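Consider the two complexes below, in which chain A is the common component and chain B and chain C are the respective partners.
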Partner chain A sequence: MADVIQPPKDSFQSRIKARYFATRRDTVITVVFAALVAWVLWSLIDWALLNATFAPNAGDICREDLHGGACWSVVSTRWRIVLFGLYPFEEQWRSAIACAVMVAVAVLSCVPWFWSAKRLAPLWVVGFAVFYILMRGGFFGLTEVTEQNWGGLSLTIFIFSGTSLLGMPLAIIFALLRRSKLPWIARTMALVIDTIRSLPLLSIMFTFAIVLPFVLPDGLTGDKLYRVIIGYALFFACYQAEIIRGGMQALPAGQEEAAKALGLGYWHRIGYIVLPQAFRNALPPTINQFVITVKETSLVTIIGFFDVMASGRAASGTAEWNFAVIEMYVFVGLIFLVFVFSLSRYGAYLERRLGVGKR
Partner chain B sequence: MSFKIKLALATTALVATAGLSQAQVAEDSKLLEVLDRGSLLCSGHNGSFLGFAEVDDQGKWKGVDIDLCRALAAGLFGTSEGNLEIVPISWAQRWPALQSGDIDVVIKVSGWTQSRDTELNLAYSTPYFIGAFQAMAKADLGAEAIADLDGGSLCVAAGTSTERATATFLESNGIEAELLTFENGDELRNSYYEGRCDAIVEWAPSLAAGRVDAPDGADNHVILDDVIALEAEGIIVPEGDPDWLDVQNWMLSSLWFAELEGITSENVDEVRANPPSETIAKFLGVSPGYGDRLGLSNDWAYNMIKEVGNFAEIYDRNIGDGSPYGLPRGINSLYNAGGVFYPFIID
Partner chain C sequence: MPEPAIRIAQMHKYYGAFHALKDINLEIAKGEKVVICGPSGSGKSTLIRCVNRLEEHQAGDIVVMGTPLDDNVDNIDEIRREAGMVFQNFNLFPHMTVLENCMLAPVLTRKIDRSEAEKTAMQYLERVKIPEQAHKYPGELSGGQQQRVAIARALCMAPEIMLFDEPTSALDPEMISEVLDVMVGLAEEGMTMVCVTHEMGFARRVADRVIFMAEGEIIEQGAPDQFFDNPKNERTKLFLSQIVTH
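Presenting the complex of A and B:
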């Protein structure tokens, strides 16, 4: 087309006018909603920042002015309980470093350079080893801190990483077994997946934490923490296996047939043709599954773990701070927000990079 | 008197004398297991329970139940320092955790109910705390009794004995009120203060603690006089272990005995140096017998009092006048102060 008529470039003002104030009704709606949003935002800022009390140990000031702003004093006084739970006070630096190491490992494994089993596997092995040595102690002159005293953010991160790292390979195995050519393997796997999926996560955790020691021989029980992570990983794997299977089934059958025709063996076909594409197809629901997994770690509080959530409740659960429950929940909520939001943004980055939904 | 009867009497006397100085602890008793292990696994909380199990700024446990754990550990090992592990457990988890051996004893303000005592195979010590369930209502409703709340709604904690007791109370008094249940104490209280129900039913100490922090001021809430139920809170051990249960009972008795005799953590050393009576000398381990019979060292009660004090000290420090709660001791006092508690006889 030779003569494309360029529309006249709108000024900012005219665009605003056309979009929000075109008719009298539009104007009314815009003004009302803008006022509403401004009012909500203002009250929020007023509560959270302007009228808030930030200084540590200022519980009495907050108490006298209960209708005023937020009492962040509870956080500035007792944040260490939220982050470290019941970990011995003098040793909490260990928990802090362990936590940072785990986060660093997670961030590093998001960098494309690490995306091969040869680099990823040692990274995580080293990460877990450093975490365990720091947290558990008993080596290198560090005093021993048993798993039941682990708590706060480091425990939540440990449960999440343990579950994902154990659950992901398990999910791939489950998905492959589920698609086995041998009907009895495929059917049995389907039955296992469907059974575990139909049980509530809470009852699975309860069973692994509390019922299993009655059933297993003494030598096999291990610490409650590891049993719960295994149970959770199994649960995660069953959901994730179905997500991966969905990704596999979206592939045209011709791809695998072509690979066969080229003489590729089973593991090559799966490793180089099927799985990479299946993961690309299944990326959005996989990120979804991870997000759910982060949040559901807080269920472990019902079997007596001092995760971030339980620690938050312990932090506000004293005579001095019992009035500041909301502030404590907001703080715990912010911690979850930071993790889940970064996870979602990373997912969005991956989708752009892999062109999910475009190719 | 025939020779046979004389012999029998002599044997009995001999056994009785031997029994005085020798503990008869069963080999499979938890007591020996705990002493061998060198540390006591006691129940904590997965969060906090006001006044009974809280976490201080340094992440250390405190509260009435925690102090009883400390007393027990001090009695068993001389000091609780390094000999006590507080295992955080949830309400739902306490019985399975006890049965599976994750903890040795449940000291977690747990009411003595028939189903727990019989069907769950638990053994209760003598109660150490009496908790009354009462209702707190909004003052502007003008209610003076729960019957005045007919047609309204009550907030209660889910799955606890409170829920059952409240339902029974409403039924037997012909009161029609809706029960709203909540899993978590904060939620329960907030729902009440936000007006989702007319009244809240809780254990009296919790009500008093909550009322102090009422967002619209304590004056706007009244605790109604009706006692919906009484709950006798005891220490729980697995059934079929009388030796371990004896230790719990005599620990509580010792704390009350010390209170009755005016022995505190401050003056216990002086009293021990100069025992005013033979009973007190025995109690503090100056003369032998008080510990031997239980399979403990004879100064176990002294170690306990030295570390945590008598029962009055434990109460005041955690929920009484020495704490922010300032809860009057009332029915939880000793018998000579209008309460229901008393020490057993030391002979």
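Presenting the complex of A and C:
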């Protein structure tokens, strides 16, 4: 047997030279950009760390600070307002635990072991129940806190998970109806999807928050918060339905035919053959849709809820902190970054994992 | 006379205004092996796809194993369970392992428990000589291996009839014989088989009857010896000369 011939290996130095210093022009570009990056990084470190003020309640020091460093004091003073909004101060531990429970449930449902309706459903039911009991109170000697006073990060997380959990099954139903063999069902669904997609999210939120109570009988209105979540879910479902439909259309016709030829009924074909592959095909746009949804939750501020974004911005409305706008936005931005970035990384993991069986 | 496995009477199929199958009358006895051949576009695939309602016929009757093929979904599913089908492009489920492909339908439709279904699946995978591939995904197998898995998957439903829709047409030449060997073995065990194929060697060897179709009609049929050596219709002669001369 002949020896296996290895491709020649480049040394680290030769690779660097080939990529960044191959010609005189490359060298110039590399040097200029390296200098630029170094300058930006240094300015950032200088502002955010070296010249910054970290101690709480140091607004006066920040104002007199001539170096112009970041005033993280606004964050260390007001972080509880950002995370918990208008939630009563002494009860904020409840909001913190509720938030942690929700995040834990979300993380657990990302673990492959939980990927079946039998395990996911109880997990989320228990998660929401614990969240509600802790947040709302009124049971077990917990003082009652109405939805109007929920706020900050736990509100953002609640709206996001409520929207996804309601929106995803709805999206699947919409996508299936849109594909119905009966033309009037398919066309009606298409019309509904196109109509809702052509409306701005804001107008849908206003409709659900403010207009709906006039239309619905009193017993059915529920709290504004839940109506808004339903509005979000409907909006989410219309976009996600089209994403799922795209994933279904990418399937070769032979897949459904093979399932039919084996005698599998409609729901078996959908549940075992069509949807699993459609979701696989549609994974990148699905993650995209979730990311957009996380960020869109901050629109609830407009109808009077203090989500994490609004409670952060509230700082700039106070006389004490009206100068520290950037610092607060950076802090809130970092919170969003943690969630959205984890979501993106999880999406990348899923793509790798599900890619196993693919050609 | 016993009830035939498949009975097709005065059947017509249209695609819009196009008359794809014209007055098809055909009875296939239990245990019979029938090869359907003909030029492309002659309706041979459409014909066997009508038998398990992958295509809908517009007139006439189809009865499979005593069950009439009508708009009753239960009847359709019953027929599909009794008639296994093998496709030109294999159509394995790419997101499931070979074993899962074979177990899915028996577990879901026949309500067999998983360990039993797994035993059956392994037995058929051994039959098609690839038990060692059971835990691989279809994408990791060659075309010939995939088609053998597709045959095993259909057999796991314990069908009375096997329909083959050009099972070797998408294969590289060196893989055709491994698939044909499996099909010959199946024929020798007495399976009722309807094969749309251009493999005339296979037809001569196992078929009880060869059917020639053109333009949506059955033009000629007969035992292989008579069909190949002494065809009567001009179109049959032309077709045979075309496939033999290259």
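The rule is simple: the second predicted complex is superposed on the first by the 343 of 359 C-alpha atoms of A that agree within 3 Å, B and C clash if a C-alpha of one lies under 4 Å from a C-alpha of the other, contacts with A are read in each partner's own complex, and residues count from 1 in each chain.
Just so it is clear, a contact is a pair of C-beta atoms (placed from the backbone, for glycine too) under 8 Å apart; a residue touches a chain by one contact, two chains touch by 3 or more.
Here the structure is a predicted model, which is why all the values come from computation and not from measurement.
With both structures placed on the common chain, the touch criterion links A:Phe84 to chain B but leaves chain C unconnected. Of the two partner chains placed by superposition, A:Leu170 touches none, neither chain B nor chain C. Judged by the touch definition given at the top, the superposed model places A:Ile204 against neither chain B nor chain C.
For chain A, the partner that touches more of its residues is B, with chain B and chain C as the two candidates. Residue contacts after overlaying the shared chain place A:Gly263 against chain C, while chain B stays out of touching range. After overlaying the two complexes on the shared chain, residue contacts for A:Cys238 are found with neither chain B nor chain C.
By the touch criterion defined above, A:Gly304 reaches chain B but does not reach chain C.
Look at A:Ala319: by the touch rule set out above, it reaches chain B but stays clear of chain C.
Remark: chain A residues 252, 254-255, 257-265, 268, 272-273, 276-277, 280, 354, 356-359 touch chain C in the complex. Touching chain A in their complex are the following residues of chain C: 52-54, 73, 77-78, 80-81, 83-85, 87, 89, 91-97, 104-105, 108-109, 137-139, 150, 153-154, 157, 163.
Per the touch definition, chain A reaches chain B in the complex via residues 63, 66-67, 77-78, 80-81, 84-89, 92, 146, 148, 151, 206, 209-211, 213-214, 224, 301-306, 310, 313-320, 322-323, 325.
Considering their complex, residues 44-51, 54-61, 85-90, 92-93, 96-97, 99-102, 184, 186, 190, 209-210, 213, 215, 323-325 of chain B touch chain A.
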